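First chain A sits with chain B, and in the next complex the same chain sits with chain C.
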Partner chain A sequence: MQVTLQTIIGGISLGAVYALVALGFSLVYRTMGLVNFAHGNVVTVGAYLASTFYLSTKLPFALAMIVAIAVTGVIGLVIERVLRPLENKDFDLMLIGTIGFGIVLDALIIMIWGATGRAVPSPVAGAPIELFGLRIRTYDLVVLAIAALATVLLVLFLSRTKRGAAMQAVAMDHEAATAVGINVGRSNAIAFMVGAGLAALAGGLVGPLLYVSPTLGGALGIKGFAAAILGGFGSIPGAVVGGLAIGVLDSFAAGHFQGYSELVTFLVFTAIIMIRPTGVFGERTVNRA
Partner chain B sequence: MKLLRGKRAVAAVLAAVLATGGATGCSAPGADDKSSDDSGPIKLALADAQSGQLSSLGAWELKGAKLAVSEWNAKGGINGRQITLDVFDTQGDPTIGTNLARKIASEGYIAMIGTAESAVTIAMAPILKQEGIPNITSGQSTGLVAVKSEFLFLNGPTSTTYDETLAKHVVDGQGIKQIAMITNNGSYGKGEHDAFLKALTARGVTPVADQVVTTDQKDFSAALTTIRQKNPKLIFLGAEEVESGLIVKQARDLGITAPFAGAAPQGTPVFLDTAGATNAEGTIVSSPYLSNDISEASKSFAAAYKAAYNEEAELHGAKAYDGTQIVLTALRSSNVASGKDLAEAIRATKYEGLLGSFAYDETGVGIRATSIGVIRSGKLVAAAG
Partner chain C sequence: MKARTTMKAETLSVEGLTVHYGGVCAVRDVSFEVPAGEAVGVIGANGAGKTSTLKAVMGLVPRQAGALRFGDLDLSKVAARDMVRHGVGYVPEGRHVFAGLSVEKNLLLGAYAKPWKAATRQTLGEMYELFPVLGEMRGRLAGALSGGQQQMLAIGRALMSRPRLLLLDEPSMGLSPKLISEILVVLQRLRAEGLSMLLVEQNAKLTFEATSTCLVVENGIVAMTGPVSKLRHDPRVRRIYLGL
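Here is the complex of A and B:
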């Protein structure tokens, strides 16, 4: 029982990070119908930026994160601006464009920070909380709180603001949205910017948990993508549920199947997707491809 | 129509992936311009991960090997010929490694230094054997010996030596019998698992827990909580630097206070940084190169290393330095032979290196001893007793 509960706790904090990555994937997908293959690399950029401002510039962790999110958001805008001429012209090229951006970012990371990685010390001091023989890291609670806050803010933005409502409209029918005077290009740009910001948030938060290296985003990107699909690609609550589910599933598979855990995780994932191809929340309203 | 476009998109993505993967190391088998003539520089290849999670190993290897080559070049090279060392990035990936092995063969390199990963080296070995290119690796898996290539040499001891020495120290010396194991299922981790388990079994000790993790696992709560419940006095760790560091960090967060023990990766700065110095305190390390102060040779090596790269020398750089020195010594003694003659010359080379006295046998292993160190206040020091 203790092992089971501790496994859930271990899975949830990484699951929250997968959820943030999945949110970024889903936000861009529901707005543009595009899978941003550079998303994982943006996570790595965010992780490096946050750790650089935190370790080298000695900014407080929260401030370092905000700066990293802002800079990464600009990178998102640049990606969208470069790809914009292809919007509604050739979707396949746009898809490949994001892969290209991923490779470029990867190369830039290695040029700027080198191929080797760095360890980030935990910004939250203090021993783990002990509760009924279970140990909960204080930093895990911080990660969960920030991820929850980010999700709430995103939902409020999409449902309560004019700009957010415009993005929803573009997601539903971009031609109709254009007809009523919504600037689709700006809507897409915001989706990319917020998506990149979420990637930086995920990368920055995961730094102290793991090890920041050029391959960091690759691993998180795949799990985050799987999480988005599992929850229902394009669905905001789906991304959160999918992320947490993948995190916990991963931890359980590790406990029960040890060396074969990766295989089991993705077999279970495949089985779920075969039963429910549209994911748990099964929105999939967008299909412009 | 929608379906068709979807399929096209998938095909396009596949094509892009294939194109990037294929571009890394494709040279036609016919492009054979072996230039092992008697003039011009002597071409050595260094194949190692220069990018990816294992790139720190590759960076250290390159520094050690480069130092050896530049020392020989400063002394006038071999038979008046300069030595060049060209770098090939394996990314720690066996598939890329095999591509690079063909490239190294077709471009006429006389010998290869590297790689630091047993799995990559094992993948490259058949091609290097077929092409007759001697290869001195920093890998330590017993699988390297099982390849039975007369062209493959190790620049350090095998896992068996590391773990036998470690078991002797902790079981025979300190009388610790309650031992848990956590290893990964990669080539290195599996080798460590089998070698240490064998050493324990020979002493009549059964591990209280034997947990296996994957090489890119990030959360170890399940494995570590199971270990914690068994209350071990010592935890054996068989994983690469970063993963080992994460395991130790998470173990301390879960309230595990038992010390860890392991081989080469646990003595590196990357492990220390990832785990955090306080978490790694007391880790027992089996290593053929504990510190830069063990001998006159290591002191001068460390000084030269510091002068060249402005950082402290460590095990992997020292191993690659020794390995490169052995290849260069064999090249001199054989009058720049190649192929089988060079392999025989390496086997015949007796060399006093930083790791100890090298004397190769038919298995390609040249050194069979390690020492025990302990991490104290963030530094690896020789263990007492």
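Here is the complex of A and C:
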């Protein structure tokens, strides 16, 4: 029992990061109907930016994160602007465009920061907290709290604000959204910006947990993508549940199957998706022909 | 909705409207007017160019026109998303409600171009009065509504912006005769309130009840035009469009 609980706790902080990555995928999908395949690469950019501001510029960790989120958000805007002409031509082209942009980002990352990675020390000092015989790292709690806060803010934005409703309307019906006066291009730009901001948040937070390297985003991207699908692609609560589930699954698999842990994680994921293809919170939010 | 009668008189005038899709000409040299407070119908068979005409006025498809004006405004310079800000509401063919959002959100988004204030709430109340069923369903997802309810929602959404001209594309599509007559009652009420309307329909009977002037479109050109009182008795119109 004790071991099981400790394993779950071990998986939750990475799970929260997967959830943040999944939120970015789901937000762009929910508001544009687009799967942004560059998302994982944007996570890497965010991780490098945050660690650079933290380690080289010596900014406090929180401030380094905020600056990294802002800069990465601008990169999201640039991606949308470059791909925008493809949207009206053929939506599939835009999807392929995101794959291309991901490759470009990868190349830029290696040019700027090199092919080797860097370790980021934990910004939260202090020994793990002992609770009922379980050990919990303080930084894990920080990650969990920030992920929870980001989720709540995102849900409030989509459900309570006019802009949030309008952004979801765009994915549901492009033409009707235009007819009521919504600027579709601007809505898409905001989706990409917020999505990139979430990617940077995930990348920055994961720095002290994992090694920051050019392949970081690839690994996180695929886990976050799986998390989004597991929860129900486009669903915000689904992204969180999916992320935590993949994190815990990872933790168990790592404990029991060592080298084969990734294989086991994705086998279980595949089995769940075969039983429930729409994911846990599957709903139809997007109507793209 | 009383304010509408005191609105400035604006006429929609369309001259020489042409729409091409690739090499195919869908609408050729179509001209008509919708005088302020009037309801004008466009009838024709499937593929005659009715929807293209309406979308071209709205700016949703590339178009050429000798003149395209609404009052003093040159519509050829107005982007589709800004039409609503100039008083033009649009009810798309096949309803196109925002399926994953609630009925109330759908209506509120109809007033997207305006700040959401007390006045918006009041307009919302008027919509629930005009369409009581929408009031009962306000918390439901729009995608869960029946076809008739979705049509009412689409009309209500367009009215939320308090338009001075309403463009309607096939509001009768896929509806039962009973629901069509309900839609007709709504259209007649809006007309009585002085709202200008351009109604595109395959259902000539409904169109003749709801409008005063009609265009008959065939193969992208205007085959006939005139007051409903006259078209109603035209032998060709009776045979082809009324099935008499």
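The definition used in the following text is that the second predicted complex is superposed on the first by the 285 of 289 C-alpha atoms of A that agree within 3 Å, B and C clash if a C-alpha of one lies under 4 Å from a C-alpha of the other, contacts with A are read in each partner's own complex, and residues count from 1 in each chain.
Note that a residue touches a chain if its C-beta (ideal position, glycine included) is under 8 Å from a C-beta of that chain, and two chains touch if they have at least 3 such contacts.
Just so it is clear, the model here is predicted, and its values are computed rather than measured.
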Room on chain A for both chain B and chain C (clash or fit): fit
Contacts of A:Ala115 with chain B and chain C, given as first, second, both or neither: first
Partner chain in contact with A:Phe25 - chain B first, chain C second, else both or neither: neither
Partner chain in contact with A:Phe281 - chain B first, chain C second, else both or neither: neither
Which of chain B and chain C A:Phe192 touches, first, second, both or neither: neither
Residue contacts with chain A in the superposition, chain B compared against chain C: B
Touching partner for A:Glu175 - first (chain B), second (chain C), both, neither: second
Which of chain B and chain C A:Asn183 touches, first, second, both or neither: second
Which of chain B and chain C A:Lys162 touches, first, second, both or neither: second
Distance of closest approach, chain C and chain B, by C-alpha atoms in Å: 17
Those residues of chain A which chain B touches in one complex and chain C touches in the other: 287
Residues of chain A that touch chain C when the two form their complex: 162, 165-166, 168-169, 172-173, 175-184, 283-287
Chain A-touching residues of chain C, taken from the complex the two chains share: 58, 60, 80-85, 89-90, 92, 96-101, 105, 108-113, 116, 143, 154, 157-158, 161
Residues of chain A defined as touching chain B within the complex: 2-3, 6-7, 9-11, 13-14, 37, 91-92, 95-96, 99, 103, 110, 115-119, 121, 128, 130, 135, 137, 209-211, 213-215, 219, 247, 250-252, 254-256, 258-259, 261-262, 287, 289
Contact set on chain B toward chain A in their complex: 2, 5-6, 8-9, 12-13, 16-17, 20, 50-53, 55-56, 58-59, 184-185, 211-214, 216-223, 225-226, 229, 242, 245-246, 250, 253-255, 270, 273-274, 276
